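You will see two complexes here that share subunit A, one where it goes with subunit B and one where it goes with subunit C.
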Partner chain A sequence: MNIDKIFKLAKGFYGRSKNCKSLARERVEKGLEYNYVSRKLKKRDFRQFWIQRINAGSRIHGLTYNDFSRGLTASDVQINRKILSELAVSEPYSFKSLVDHSKNILSHLHKNTYSPKEI
Partner chain B sequence: MNRIIGSNLMKSTSSILVRNQSIAPIKSFSTTPIINSSQVSEEDYNTKNSFKPIEESFAVVHISGKQFKVIKGDIIMTDRINVDVGEHIVLDKVLLVGTKSQTMIGTPLVENVKVHAYIEEQPKTEHVTIFKHKPRKNYKRTTGFQALATYIRIGDIIQK
Partner chain C sequence: MSRAIFKNPLTASHLWHVVDASGHRVGRLATKIADLLRGKHKPIFDKSAPLDCGDYVVVLNAHKIEFTGKKWDQKMYRKHSGYPGGLKETVAKDMLVKEPEHIIRHAVMGMIPKNDSKIYLGQRLKIYDGIFNPHQGQITNTPSSPLALNMGPYVEPELNPSQKQLDEYYAGYKLQIDNNSESFDILETKVRSHKDQLKRERRLLRKKRVGELKPLKSASIKKDN
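And now, the complex of A and B:
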């Protein structure tokens, strides 16, 4: 990258890193490396974050995240974690109906599996 | 009875898990939204196929591998849909519909519910600088990337 682009990205850096060629290049390149890694981490971190939210939401209605998602998978509900967490926050009634649906399915399942109860 | 579950909407049938269940069979569906090629308006489409709009509702729709919670009037950015700007499309993969009084949960899709949408813009996403560097190996590479995107505006959520 040419030095003009480097200085453009180095705006607001601490000390000589914002106006000294060699230091600015070092800092900007390190920053871009972190950017590269973070784009991968973002997917992981957000998934964890969504799961925490879904867990908190479903525990209000007496189901753990584990059981909740087992019920949904068993009944082939394919709503992803991003949407489920969004529903847990902004649509409490719809989320409750999903938890109730999951509870209903779980009552027909054998122990901690996806297979139905033996008759 | 064998029932196929856990299939991913975006993937082909090769990645489907099979578990023993006896509820309902999986529904098959296409991966692209229906393009309204005959250029009929939203209202004409509703009357022709006897759809009625659901007032004050939200829907969870599946578009090209991503899911969105939408209400009427939303503008969302999706992956590129190869349809001209201004065209009217119908999103047929609805996973959940919520109204004031009830919630319809799809397993995996809600039947007879569709969502109107219009193509607003076909832009590119923000530029991303990709910088790769290996220390002490004299290796530095800089490239850029801009994904192709589509802005779509959501119309009515309709039901048969």
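And now, the complex of A and C:
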């Protein structure tokens, strides 16, 4: 890579690795490797993040994430986790209606033998 | 991640939870407190900003906490000064007299993720020996929220099992029971062994089913060779 491009990418690095040619090249190459990995990790991290929020939102109304999502999939509601978490944060009433819906579905599942886990 | 939520004063303000520890079991209470400190009960939970969404917890009556089993005699609190022979051990029974706050704090701090924010989350946990709550003035200043958890002393759950549940629990095992603790113990051990036997039988059945498939494959391979 051209050295000018490397120094442009090495701006703000710690110590001599922003001024020295050889050190900057090393750090920038390693940084680009991390960049590549974290582009993959981003998808997993966000999925985790959304699930944590949905779980907190549904626990307020007495359902765990596990039971809540089971009720939704059983009734073929296809809202993804990103939107569900946004609903849990910004529109609590519409989220509550979804929780009530999945509660209703759970009560009909397995001939009334399925009981959600107590929180 | 989504930081715009924290600009809202209702969601950004730290809540105060008051917990009366009397009669509660240590671990069961500590899981709840650890979740409150991190803010895991809020829909705005963000693990990258635990100091923004975490709450304050006040624990009262720390000396009335309870352990199950033989933990009062057997559980040890250890610390080492770093010098040879510098290990100090205190039994949980003595710790209750010496420093009852430490029992709860030790349990909670073990349940918080081990990173830089652990110290600051620990500072938000206030534990007191008596019933007096010195933070009452601070609590009244925060907006009231349904998310605030104010727990009283421990109440034992009522158990009214139906006949069907009892049959399920004893797995169809019947014995004449006198109202002694000894006869109950005998019944429980017998039921446990009976249940283990049932489990073993089920496992054998499962293995048999797998075994039925296996010889077919191995036989076909042998024929090819």
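Convention: the second predicted complex is superposed on the first by the 110 of 119 C-alpha atoms of A that agree within 3 Å, B and C clash if a C-alpha of one lies under 4 Å from a C-alpha of the other, contacts with A are read in each partner's own complex, and residues count from 1 in each chain.
Criterion: contacts are C-beta pairs under 8 Å (C-beta built on N, C-alpha and C of every residue); 3 or more make two chains touch, one makes a residue touch a chain.
It should be emphasised that the depicted structure is a prediction, and the values quoted were computed from it without experimental measurement.
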item: Partners on subunit A (subunit B, subunit C) - clash or fit; value: fit
item: Touching partner for A:88 - first (subunit B), second (subunit C), both, neither; value: second
item: Centroid geometry (CA): angle subunit B/subunit A/subunit C, rounded to a multiple of 10 degrees; value: 140
item: Partner chain in contact with A:79 - subunit B first, subunit C second, else both or neither; value: first
item: Partner chain in contact with A:60 - subunit B first, subunit C second, else both or neither; value: second
item: Subunit B versus subunit C as contact partner of A:98, first or second or both or neither; value: first
item: Residue contacts on subunit A - larger count, subunit B or subunit C; value: B
item: Partner chain(s) touched by A:1 [first = subunit B, second = subunit C, both, neither]; value: first
item: First, second, both or neither for A:16, with subunit B first and subunit C second; value: neither
item: Contacts of A:33 with subunit B and subunit C, given as first, second, both or neither; value: first
item: Gap in Å between nearest CA atoms once subunit C and subunit B share a frame through chain A; value: 15
item: Interfacial residue positions of subunit A with respect to subunit B in the complex; value: 1, 29, 32-33, 35-36, 39, 73-80, 82-83, 86-87, 91, 93-94, 97-98, 101, 114-116
item: Subunit C-facing residues of subunit A, complex; value: 46, 49, 52-53, 56-57, 59-60, 85, 88-89, 92
item: Residue ranges of subunit B touching subunit A (in the complex, touch as defined); value: 5-9, 19-24, 26, 58, 60, 67-69, 95-96, 98, 103, 105-108, 128-133, 140, 142
item: List of subunit C residues in touch with subunit A within their complex; value: 1, 5, 40-47, 146-147
